[in-house]
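The following block contains the structure, expressed as structure tokens.
Letters A, B, C and D name the chains as they come in the text, with residue numbers starting at 1 for each one.
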Amino acid sequence: MLGKGIIKGLAETARNFFGSFVSERRLTTVPYPDARQPLAENTRQFPFLVYDGDDWEQGLRCVACQICEKECPPQCIYIVKSKDKKPDYKGQMQFYPAVFDIDLAVCMSCQICVEVCPFESIKMDTEFELSTADRFGGLLFHKKQLAKPNAHYHRIHPTDAAASDAVLAAEKAKQEAKARAAAEAKAKAAAPAPVAPPPSAS
Amino acid sequence: METLAQIKARIEAAVAGAVVEMVPNDSPSGQHSLWVDNSHAVAVAQFLREDPELRFDFCSNVTGVDWPETERTEKVKTTRLVDGVETSVEEIRKTKRPGFLEVVYHLYSVALKHGPLILRLRTENRSDQVQVPSLTPVWRGCEFQEREVFDLFGVVFTGHPDLRRILMWDEFTDHPMRKDYVEPDDYEYEPTPHDEVLVKARRSGRGEAGT
Amino acid sequence: MSIAAATNGKRHRLVPPPSPADGALGELLEISMGPQHPSTHGVFRMNLVLDGERVVKLKPVFGYLHRNHEKIAESMSYLGSMPYTDRLDYFCSLTNNWAYALAVEKLAGLQVPERAEYIRVITAELTRLQNHACLGGFLLQDMGASGTPLMYAFREREKILDLFEALTGARMMCNYMRFGGCRCDLPPGWREQAQRLVAEFPAFLDEFEALLNENEILMARTQGVGVLPASLAVNASISGPMLRASGVNYDIRKVDRYGIYDRFDFQVPLGEHGDVYDRYMVRILEMRESLKILRAALADLPEGPIMDPKARLRGFRPKPGEAYGRIEAPKGELGFYLISEGGPHPYRYRVRPPSFINLTILEDMCLGQLVADVVIILGSVDIVLGEVDR
Amino acid sequence: MFPRRLSVFILRQTLAAYFGGLGFYMTDALDQIFVTTKQFLVAFLAGLFPPAWQPLATLLISAVVMVAAIIGVFATLFAITTVLERKGLGRMQNRHGPNRVGIPFTQIRLAGFGQPAADGIKALIKEDVVPVAADKVVHFLAPVVMVVPVILAYAVLPVGRNMVALDLDAGVLFFFAVGGAVELAVFMAGWSSRNKYALLGAMRAIAQMISYEIPLILAAVPVIMIARSLSTTGIIAAQAGQAGFLPAWFVFTPWGFAGFVLFMIAATAESNRSPFDLPEGESELVAGYFTEYSGFKFALFFLAEYLGLFVISGLAITLFLGGWHAPFPWLAWLPSWFWFFVKLLGLIFVFIWLRGTLPRLRLDQLMNFAWKFLLPLTLINLLTVAVWHYLSASGWRWAVCVLMVIVPYVALGRGLWGHRRVRKRVYRYAE
């Protein structure tokens, strides 16, 4: 009979109308600034630079190898390598980025920089409320804005951060073992052994 | 599906005078293709569609490829008689491949569920002799894709019912997918903080294709 | 009807376009529908010529979103193009990833581990679910249903996007698959969450069908509208649910059996009339089949590695050659055609966009229909302008 | 607790209404509070004039007071309805609906009921864009011409006991006559905009409104036949009292129910509401005849549409739902205007509900529906009401009249969509 389907449909909307007052499952949206939905652990928004310790400039893990700059698909990373070197977390002398800019207006959050980084130094942040009125500079983040402590990384991505720390610890242990072996060899040979070359880009 | 050699033989038997050539593909995909001469292309396509054992009724993908003129220098070792002694000499041989545009058709059969058969058509050169016959009368699905190839590569399809630009606007003059395409001045350009990055990228040669 | 017999004409047309010489036409009205129109699904334009409200001529115009994705990809490393594929059909980034990864794997001869294949099937079918659900909503929106079906579809889509976010880190631009596997393994609890979703989804489908399927207005609006006969559909390279709605049994998951689709037991729903209603219903029924695949895949998900050990992230240079890889994306056959010259960039990179090619036949379906039908016929084609314009 | 006190109160009032107790005078005063206020106001203001002018002044002041009251009340209702509609639609779609706008510069959100104020301010200060090619005079006049007849129609709408601005003997006739003028405004808007969408929308609107006016009026005729009055107050008076356990509203008769449903369908189409919102079908015609309107002119169209919706619902209440009568005598202690507005909000909810559920019809189907379905049914309904009138009150009368409603409904419903059979389909599967 004409109208049966329409009445069925009306019953369905009525069910949803009343259901939305009682059922959590139906009403999925939250009133956003007052309430927020929890982010998944894997959530990625924009990159940040990890630093160890307390001083963001000293502890920066980045060695300005520029791999991420090369691999970044929209070319939003801009790095200037330093002239001098400073010791990294392993105590090795490394270059550091004199300038490290990311234009977040161009960044497309693809995470490729994170994947290609051999130094566990660039990671994805979960901060997304970045709107600004400054069209030209507001989203061009400099080294200082990008640097965030390892504790922050642990807070937003605990599993990944632990894995990342483990990788670094293993490398450090390897390096120390190597240094010890070198020192022993040096002691044995009593001759100056060449310093291990710093791992360079590709 | 029959092998490509068999199909080639059958085409040659069915379409008199058709020149068909196998184009090998060395990659692990093993998708070899057939190059068909332009004057018999429509007849070959018709045959491929109608033949009861082939029935390639579904022209899935049409695309262009730009092969600019390349000069390949290779070192070839030849043996030559030098002062009566046979010695092997390294000789630099320059091979010049004339440029051409290629249109690639990927054919499947919906009725018999096989494929792909890859057909290639080639233009004479990249400047004035850029005609290939349109296969739209055989497969309607080529219509927009051939328009796209015309738009982006500049291949002119003779016999196409509605050959206009499709993705670029009508007043546009160049063909952007060609390898030697140069971007025109961007009249909508405005400075952004990103410029430095782009300049640097261009300096390192990353902005250009195929480097 | 035999396909060969029906396609013998010079150009295959459904209705011959009436010319003013016929004398039956009054004064014609030209309308440019789009690019800023509420229901052209983006910046799509149709140049319509109307006789009253009846369509006499329709020319689709696009390219407003053209960014020459293919050219960009030619200057990009193979990996660098992966995030750009997300932006083709931005509703179904994971199937786009898969099609591209499949083509590159064919080109480079990479083997995907079993677990990765399962994850790919699961994510692809979830993508299909959310795409088809939203398509139903959009179609009804075009029909003027004030967004209710769309909101129900979005409600379910949110849950699927939550799963994507937990797995890949992003809701829409997933950038998840890699050549020879997947980027990361499933997070703990993901499988159970997905199973819960699959268990709850039929309830949503029932609700959706109760709301709409028998609705007389919906049936009157869609049945017999935009009919596309099977022979023409095949000849015009229509693919995906649209082809199957015309009654052609062609599902690439069944034909190519790519990935591990031969392990799953599912059926392919087929339409009979090839009208808008069939296109809508085929998608609804396909969702139920996808749920079957998902149930099986989530139950048998094996342990193991997720990347081919031969695969390399940086310095990836496949041997010279070419490959065409295609999958059954929610919108149709999505193919990637790659030519390698041995360098780090593809020499030629081509996307076969299903919704672009499905538009070939739009004019034929719309001739003789009313303006209101044009909108729903376009809706039933299921286009995404990111993919049409590339 | 409060609910208990409330229930005690209701019980006492109910008893009072039954036994003519102490509360009776109070409820009567409450019922007539607006009438007495008006009389007081008119008398007070007219007293300021010299005695010779007083008859004329009374007339004028009374008119101004009533017009102000009608516009004020129904414009407020319009404001509230826009929020309620969005909230209701939101709930049907499992959303919250608007819940942000409250009092500016504070955290008070008023559950979103500040929204109409924000919308109104926005509409007022928005630029008024007039297309260069538009016919400027007609373009300007269209929204005005749209609002005026709608407000005029309120003149004959009784919103409570003794609460009607103009008790015309031919009230219903006046209502339909004035309502017909809306079409003119729609066409003025569509034509003067020089926009193809607007023109198509206007054409659709004209075709639709004229077609649906016929079933609308014909659906109202049975009521006039039974009530033997064209006056709206007369029709309400004919629905007083009880018929068995049900109130003696016309909707509780077979012909009345059919008439009510037909009237509501035609009213939906007349007020361009979903599923008959083709003239402004946004997915097809952007916004139909008011595509080229912005700012306050657009707001006027919006206002006129909603006022039209209220007034036609009000007429449906008057004709079929017993006007301001309470459904049961033991609820009659609540004021009459309260019952009118409760019924009005109920009908508005039905409109929102339909809008949240149904997709839109197509133009040819819309016309088919009007001429091949609604029109025959309304004509048959005239016969039904005659049979009802001449048969004596019995179960037979009910049975005959119910059959006379249902049989044509089913028969016409079968053939509605023409030769094409519209039905559910069964799908085949391939392995």
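Assume a residue touches a chain if its C-beta (ideal position, glycine included) is under 8 Å from a C-beta of that chain, and two chains touch if they have at least 3 such contacts.
Being a predicted model, the structure only gives us computed values, none of them experimental.
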item: Contact-richer chain pair (by C-beta pairs counted) among A-C and B-C; value: B-C
item: Geometric centre: closest chain by C-alpha means; value: C
item: Chain centre separation (subunit A, subunit C; CA means) in Å; value: 33
item: Centre-of-Cα separation between subunit D and subunit B, whole angstrom; value: 67
item: Distance from the mean Cα position of subunit C to that of subunit B, given in whole angstrom; value: 26
item: Centre-to-centre distance between subunit D and subunit A (centres being mean Cα positions), rounded to whole Å; value: 59
item: Two or more partner chains touched - positions in subunit B; value: 206
item: Shared-contact residues (touching 2 or more other chains) in subunit C; value: 148, 152, 155, 211, 213-219
item: Subunit A: positions in contact with at least two other chains; value: 2-3, 6, 9, 12-13, 16, 26, 28
item: Subunit C contact footprint on subunit B (complex, rising order); value: 25-29, 31, 49-50, 55, 57-61, 63, 65-66, 104, 106, 110-111, 113, 116, 118, 136-137, 139-145, 152, 161, 165-169, 176-177, 181, 206-211
item: In the complex with subunit C, residue positions of subunit D that touch it; value: 89, 92-95, 196-197, 200, 274-275, 277-278, 281-286, 355-365, 417, 420, 422-425, 427-431
item: Subunit D to subunit A touching residues, read off their complex; value: 88, 91-96, 99, 353-354, 356-358, 409-410, 413-414, 416
item: Touching residues (chain side subunit A, partner subunit C) in the complex; value: 2-6, 8-9, 11-13, 16, 26, 28, 39-44, 67, 71, 73, 108-112, 115-116, 124, 159, 202
item: Subunit C to subunit A touching residues, read off their complex; value: 76-77, 79-84, 86-87, 148, 152, 155, 158-159, 162, 165-170, 173, 175, 183-184, 187, 207, 210-219, 313-315
